[in-house]
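Next come the structures, one after another.
Here come two complexes built around chain A, the first alongside chain B, the second alongside chain C.
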Partner chain A sequence: MDDEIFDALVIGGGLAGLAAAWTLADQGKSVLVIEKGDYCGAKNVTGGRLYVSPLLPHLGGLLDNAPFERSISREELCVMSAEGSLTLSYTDSSLAALPGQSYSVCRAKLDRYLARQAEKSGAILATKMRVDELIIEDGAVVGVRSGGEALLARTVICCDGVLSLFPQQAGLRGPLEPRHCAVGIKEVVELDAQLINQRFGVSDDQGAARLFLGDATQGRFGGGFLYTNKESIGLGLVLGIEAFSAEGLDLTAPELLERFMQRPEIAPLIAGGQSVEYSAHVIMEGSFDQLSRLYGNGVLVAGEAAGFSLNAGVTVRGMEYALMSGHLAARAVVETCKRDDFSAQSLSVYQKLLEDSFVLKDFRSHRSVAASLDHERFFGFYPGFVTGLMHDLYRVDGPKQPIYPTVRKHLKASVIKDALFKDLGKVRKL
Partner chain B sequence: MKRIVVCYKWVLDEAYIRLNADMTLDTNQVDHKISDYDRNAIEAGVQAAKALEGTTMGLTFGTAEAKQSLKAALSRGLDESCWVNAEEASQADGAATASALAGAISRIEDVSLVICAEGASDTFARQTAPRIGALLDLPVVTSVCAMELLGNTLLATRKLKDSTETLEVELPCVVAVLPEVNAAPIPGLKAVLAAGKKPVTELTPEDIEADLSPRAKVEQVRGYVMDRKNVVLKEGSAQEKVTELLAHLRKEGVL
Partner chain C sequence: MTETLNLKAKLGLDVFKEGGPFHIQINAGKQDDPRLLTCVRLCPAGLYSLDEQGVISLSQDGCLECGTCKIICGDELLTWAYPEGASGVQYRFG
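Then we have the complex of A and B:
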């Protein structure tokens, strides 16, 4: 039998890969997805919130009936010090409206659903297969090698996630550096839907997203997150690798997570639940300047493999960028198929599509966010300052100062004065 | 041309099954796979086809779920596959399963060899091959750990408790193989792609003559947690403790 040459070969059946495969198949292109997991979503880790709104105009056909968990109707921020915490909870009529702008998701369910949709459209999916390397001839990527077999394709789309080595092999980027990476560690606790509704003050289809700043990461770069799913709660920590390999920290990441889950702000929320999943994954800190080159001869890079994730310490956004960049990579391939020209020059249409989309617009506008946030005061000092102030404002055990002098005392007592001016400048970049 | 039919079962992938607190099984989100031992049965079929210069056909009796199994089975080197699609499969006992499979086999021409695994990796009831043999009035050889085909004769080695038995049987016949019979290779990418293009036949209960009503009904499936023995070896020297440990392990049949 003659070996088929696919229009596109997608490495990795995560969000980027499946969006690419679905789009290509939907446009009548032949596409093969190679996924190393037992099934799509088997190994993929996410905190769990997907912003659906910006995607629907492009991927409506794929996402319209996708198995999302709860629409996030409550946005909460909890600033923690070792002794206390201040939680802000925000909701409004537009957040509460359905369909929502963002949803909590379980990757095992979502990725499998997307895989089925891609297959229904005609994509071929090969799971339990790992791509070992790209085949490069005369400076162009012409296929991949997997388990000793060579497979040819007009284009290869690398969607194999944060630890992708293929963009490096194709000469599109240098190696990842620890200072640009964080580690995400997460546990899923199964809990009755009614209990979740009660504990978070939400209805069946609605949920809460709570982010934690400060003591969750012992004042270092990173944060905690908690998302409500239909019948479970996903919670975890994102820890900057550089900040955590520095001197002076005696807890490991799993210990930090354990400690986080025992905090009085968290423990009652998950009480009575059963831990059903534990996972960890590298996250790219993500910024415009660390993006991979996005295309070369015969090759495109999408999703986190390209560096499309924004980690601002407390929030990580990668899923919508993965889906959208996968989709646009596929559209670029459709374009180049018309020209029958798969050179870098021809594939550069991908870059243009990305520039016009929210993906590169976001990356440009967030260019210096992570750098400005990477400062101990944000993760250590301010949380302590805020809870210290709250403590004195609410404490009554003798003569009580009026509010203003209390605030002034705190402002004076701390190093906050000079720092505040400097940090205000940074806050403007957020 | 001589045909080798390999029967296989599409089972839940037990690695992903979770045990609920009340010992019931949580099979949500659990994918299916070809029963582990059936992979060896398929490989045995592929090798037998080479020896007989025949062709192989995979055969499964399953619910709508089992449709996905066809490609998985074909990627292991079978030439074609056949699926008896019936809701009854979810409740079937050994008799109903064998009846469905035998019903399908009797429609297939030139069958020289029917290969099953000794048991399925989920229930391990060990009934399929013997019952198919009985229904089709064919000789049956079970517990086969090695097989060779010489012309129209099968030379099969059976694994007994602590010996082996080798016997000769004329084709056509039914064999039940043990995993030791071969090492089933993991299919490569090209085999997976080629599988999508191989012929597939779908049968319904109306197409075959079979009795699909189960007489043995499954009441419940529950997790089982073995109690720990809690044996602590404290007395004596290290040498004595190790000797005692070995004795315990032998008694438990671990060694």
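Then we have the complex of A and C:
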């Protein structure tokens, strides 16, 4: 490797890095991917599900036979208070149709498959290697240092994940702030496929996604999630780091997960299963305004390293932005190779490609969503209001009011009028 | 209900490979910074603990490399790098 100057060197063999490598190799460019794990996917965690539909026109060749788990045919939302919960379950003929619009995935399986595809296309993959630092000369990134070895490239694509260490070294972004980050903790519980089908009302290839709001996080910023895989269930919590830095909390993050898993809404779903993995991953909960600068002299940033994860309330997305931004970073490198100019100005074509794609269109259209979601009433007050109303509608233990007066009684309470008035403006931004 | 596992048993489900020095250090003189108390609460692997004298210590076994502590504390309190290649947690599901 010593003498070769690669067209591109990719830091990190996750979704962004592998999409970039596959695309570059497919276009005849020389590309080296450096991954610190034993194999691609060894250091990665997802909730999680991948929305495939927007990617297929661009990355169909990479994803067509990828090892997905189940097509998500049921979209569910569970609003929890300490005492009760209300679960909405939505399905329709298009969600139930195959191929599906989104699939649950296990990263250790998916990323290894994508790595094989990238290698088949001609990318060179170096696993078990950690990049120690970028090599920067005269304000331009010209390669990386790894284990004392200097590796040179015309461009370096930083796909090093959410902590974004190399974009920071390149001066493309500042340190991450607690108020823009959450930590996800997850457990994988193995369970017989037939039991999963029965418990979620799905067939072999189909699955459910359920998000939890409210008491799952004791009313603080965050939520719970559950995705059905083929023969396992991945479930866990996402906790806003700033919200959980406050005083007055007695439970630790692992204790909150345990409490969540013992809730009557969860325990029967995983009963008889066996826990097989415990994992954690930081998630950017920012928005357009927290994105990294996306390019510099000799350097591009893709995937979570760029801040490409988007919480839009009922959909939480990251992986398709990783794959698409990696793909577009590669296309930008192909363009710049033609003119043999790897300056920031030349690489700015990457920004243009992103602006024209669903990636930056989504981030621009959701610019104000993150700030609106970050409100304790959405996580504490409203879940309690909803379950309180449901309690009164369904409870029978004496003379009973009809539906309308019961609803009116709840809506007339001054606290809810006050809250609704204040939050109407926020809701309009969702 | 699946058998309730304590945190040590949960971490015991994961594959960890040894290698190189531990990749997180609390910087000298910063052991009693209050931000470390948030790490005690939020570290998914429970690596940060508070003893009876009020001193916070950092255990080395079972780090999931999530970076939550790095984000809470910043570079002023912690020296934080990923473990060397081919060491640390290796997820089989992810």
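Annotations
The rule is simple: the second predicted complex is superposed on the first by the 423 of 430 C-alpha atoms of A that agree within 3 Å, B and C clash if a C-alpha of one lies under 4 Å from a C-alpha of the other, contacts with A are read in each partner's own complex, and residues count from 1 in each chain.
Simple rule for what comes next: a residue touches a chain if its C-beta (ideal position, glycine included) is under 8 Å from a C-beta of that chain, and two chains touch if they have at least 3 such contacts.
What you see is a predicted model, and the numbers here were worked out from it, not measured in a lab.
In the overlay built on the shared chain, the residue A:S357 is in contact with neither chain B nor chain C. Legend: residue contacts after superposition of the two complexes on their common chain; A:S343 is shown touching neither chain B nor chain C. Contacts of A:E4 after superposition on the shared chain: chain B is touched, whereas chain C is not. Counting the residues of chain A touched by each of chain B and chain C gives the higher count for C.
In the superposed pair of complexes, A:I124 makes contact with chain B only, with no contact to chain C. When the two complexes are overlaid on their common chain A, residue A:D38 makes contact with chain B and with chain C alike. In the superposition on chain A, contact is made by A:V276 with both chain B and chain C. When the shared chain is aligned, chain B and chain C each come close enough to touch A:A108.
Of the two partner chains placed around the shared chain by superposition, chain B and chain C are both touched by A:G147.
Of the two partner chains, chain C is the only one that A:A253 touches; chain B does not reach it. Counting contacts by the rule stated earlier, residues 38-39, 108-109, 128-129, 146-147, 274, 276 of chain A appear in both its interface with chain B and its interface with chain C.
Those residues of chain A whose C-beta lies close enough to touch chain B in the complex are 1, 3-4, 32, 34, 38-39, 108-109, 112, 124, 126, 128-129, 146-149, 151, 274, 276. By the touch rule above, chain B contacts chain A in their complex via residues 13, 15-16, 18, 21, 29, 31, 186, 188-190, 192-194, 196-197. Listing the residues of chain C that touch chain A in their complex gives 1-2, 4-5, 7, 10-11, 13-14, 17, 35, 38, 40-46, 64-68, 70-72, 74-75, 82-86, 88-94.
The touching residues of chain A, counted against chain C in their complex, run 36-39, 41-46, 106-109, 111, 127-130, 146-147, 162-163, 165, 175-178, 181, 183, 185, 187-189, 232, 234, 239, 241, 244-245, 249, 251-254, 258, 261-262, 267, 270-282.
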